[in-house]
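Both of the next two complexes hold chain A, though its partner changes from chain B to chain C.
Our next item is the complex of A and B:
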């Protein structure tokens, strides 16, 4: 019987996507070190911003600054991170409702262990020093006060 | 909502308002979103038979037990009927171009392909569907549907258990297969005959 065949395959696409004005504005904000949400007709703010209202489908256009602090709504612990993770060490992944926003966004939680995380705790953004207009411009979130 | 689909929604026409802090900064218009998937490929029986035969410069298909249609590469089933296809058929390394595409832009990760190049559906003699290959040995402008081709193999000492053994397909110089009988047209013509018969 023939030996079992196997091959290491890699599927890779170096996509660059155009953003449109809303996602483009969000990424512009990240590059400039601020986080943007978008206002719905009822006055509440979605963050990350969407191009359309999720209930009425009306276009949304008014971008507003939120955060950089917020509340941890939910979290999980990642250990070890996968090979292509933006983070090279164990970390949390959380849903963070930024101050001024009605919806939470997903990002990394940069603490040394899961015992440092709790639903309802206050966290704040930690920025990379070199930013280019990408979600990774935000290095992640840390407990409020941790970076002072 | 606007009922006129030719009018782009405001959110896509760029009419958004930004906080004053961002007044005058250059807006981000594109973002890198590379994807990469690394995986182990372990072929099943049909693909293993096909790949092993390549080491002997053989191309294997499989025959449908339902109507005798020959599929290459073999997948172990006739997908039209859900019928297992255990019987291999050895196919010649000659056929015709069923359809083709001239590529004039480089593809990341394929620096070995000199542009412009032609990729084509190669319909082997005796097969009922085509499989993909490169066409060479001819000016790209001369490639045509129905052109008869034969495989150009790697030297024997470089053969492996891979379809990469075939470097490209070159014209044989024989008269073309008529377009009405080339590529999937042949398949559809045969199906129509079957329906009438």
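Our next item is the complex of A and C:
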């Protein structure tokens, strides 16, 4: 019998995308351990930053550092953790308005139970030691003072 | 503008269509919708469908489903990767252009092979939100807490909406979650699933499909004793990032309702495609619904949420009430995206 022919099939998405001047800057900032927002024409700061103003559609360009501390605007509790998320244990999910920003961003809340969470509480960013320019370079947010 | 009406509807929904393909699901529905008004595919001027390759797990999956329509000899056909309500909008535009007098619109979704609340993470932006895989219930939980803390709604009101759905669904054989006996106290006693949301606040996901026939002018009068005339239809969208929006509101729903003339006269019934009680409450406010309007007599999307079809099903439910003579003026609503980001409103009247 003839030798069977074999070939590997790798299912892949063999393209790279540029993340552009605004999202790219934000992700690069994360790699450096800083969080960037972007200033709107009215002077307020959007974080996470968008390339265009959500109301007027004007291009936005002025990046501003915000955080790493902020206020918890809303929260929920995720138990069990979702299998593809960056978190492998029950955690909070929050809307966090960072100092200097007018809008909140979504991220994880690293506490041991929902009774440790309250709207209006102060939280601060916890960074991963190895960072690659990805939203999960932020491990999540912890109550202010928890990491000191 | 041409007078255009929904003249026939057919739908099916159940908890999981495990052994039924999309084609097998749609063949009887499409035959039923066309057959009820005595049409074959040869009589249909334009065909438009709505579905999702993400749910089917295959690119161009809608092409397979055309087998349920019959595409030989060739037909004039289009597809939207959206809820079928937007396919209906495209067909309505096509009929307005005037080259054809009839259209077949259908949509379907099977989300049971996966976990819909997780799959929905893939509709989020791929940089800030998607990589965190925040599931749909958790995202809705964030909105719910803002609504409760700001006083935009009360837990009591959310439970009332859940009970309205559970009770209404008891009369609807297509609902997948119902309870004639449910009360506000029962719902308030449920443990949270995405604090502060309880299981009854979150739509029960379902598999299903719906087919609708549209016709213009005298053709509609020939085909149907009491056509559901589309008096206004409009769709609008809000920004995607949750942080830039007031999560207690849905301005695009308000605008679509105003453009569709929802408030120009009394509405007998409204069918809303809200996947959460919080969002059903927002819609009642944005659409300006009054207590005299029967909201979600079918149980609405809460009683069975077929992804990609829940909106067209609401329009079909509303149109059916005109066909049956149960109502004279109705509203069907469809939504898409995070926090009711995109909304479509269709106002229909009988003669």
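Brief remarks on what is shown
Quick note on the criterion: the second predicted complex is superposed on the first by the 131 of 148 C-alpha atoms of A that agree within 3 Å, B and C clash if a C-alpha of one lies under 4 Å from a C-alpha of the other, contacts with A are read in each partner's own complex, and residues count from 1 in each chain.
Note that a residue touches a chain if its C-beta (ideal position, glycine included) is under 8 Å from a C-beta of that chain, and two chains touch if they have at least 3 such contacts.
Please read all numbers here as calculations on a predicted model, not as lab measurements.
Once the two structures are overlaid, the count of chain A residues touched is higher for B than for its counterpart among chain B and chain C.
In the superposed pair of complexes, A:93 makes contact with chain C only, with no contact to chain B.
In the superposed model, A:74 lies in contact with chain C only, and not with chain B.
When the two structures are aligned on the shared chain, A:8 is found in touch with chain B, with no touch to chain C. Once chain A of one complex is fitted onto chain A of the other, the partner contacts of A:47 are limited to chain C, with no touch recorded for chain B. Of the two partner chains, chain B is the only one that A:16 touches; chain C does not reach it. By the document's definition of touching, neither partner reaches A:145: not chain B, not chain C.
Touch criterion met: A:104 reaches chain C, while chain B stays clear of it. Counting contacts by the rule stated earlier, residues 19, 23, 27, 83-84, 134 of chain A appear in both its interface with chain B and its interface with chain C. If you check the complex, the residues on chain A that touch chain B are 2, 4-25, 27-29, 31-32, 34, 36, 51-52, 57-65, 83-84, 133-134. Contact residues on chain C toward chain A in their complex (touch as defined above): 118, 121, 127-129, 131-135, 138-139, 141-146, 149, 192, 194-197, 239, 241-245, 247. The touching residues of chain A, when paired with chain C in their complex, are 19, 23, 26-27, 46-48, 50, 54, 73-78, 82-86, 93-95, 103-108, 114, 119, 134-136.
By the touch criterion stated above, chain B contacts chain A in their complex at residues 1, 9-19, 21-22, 25-43, 47-48, 51-52, 108-109, 161.
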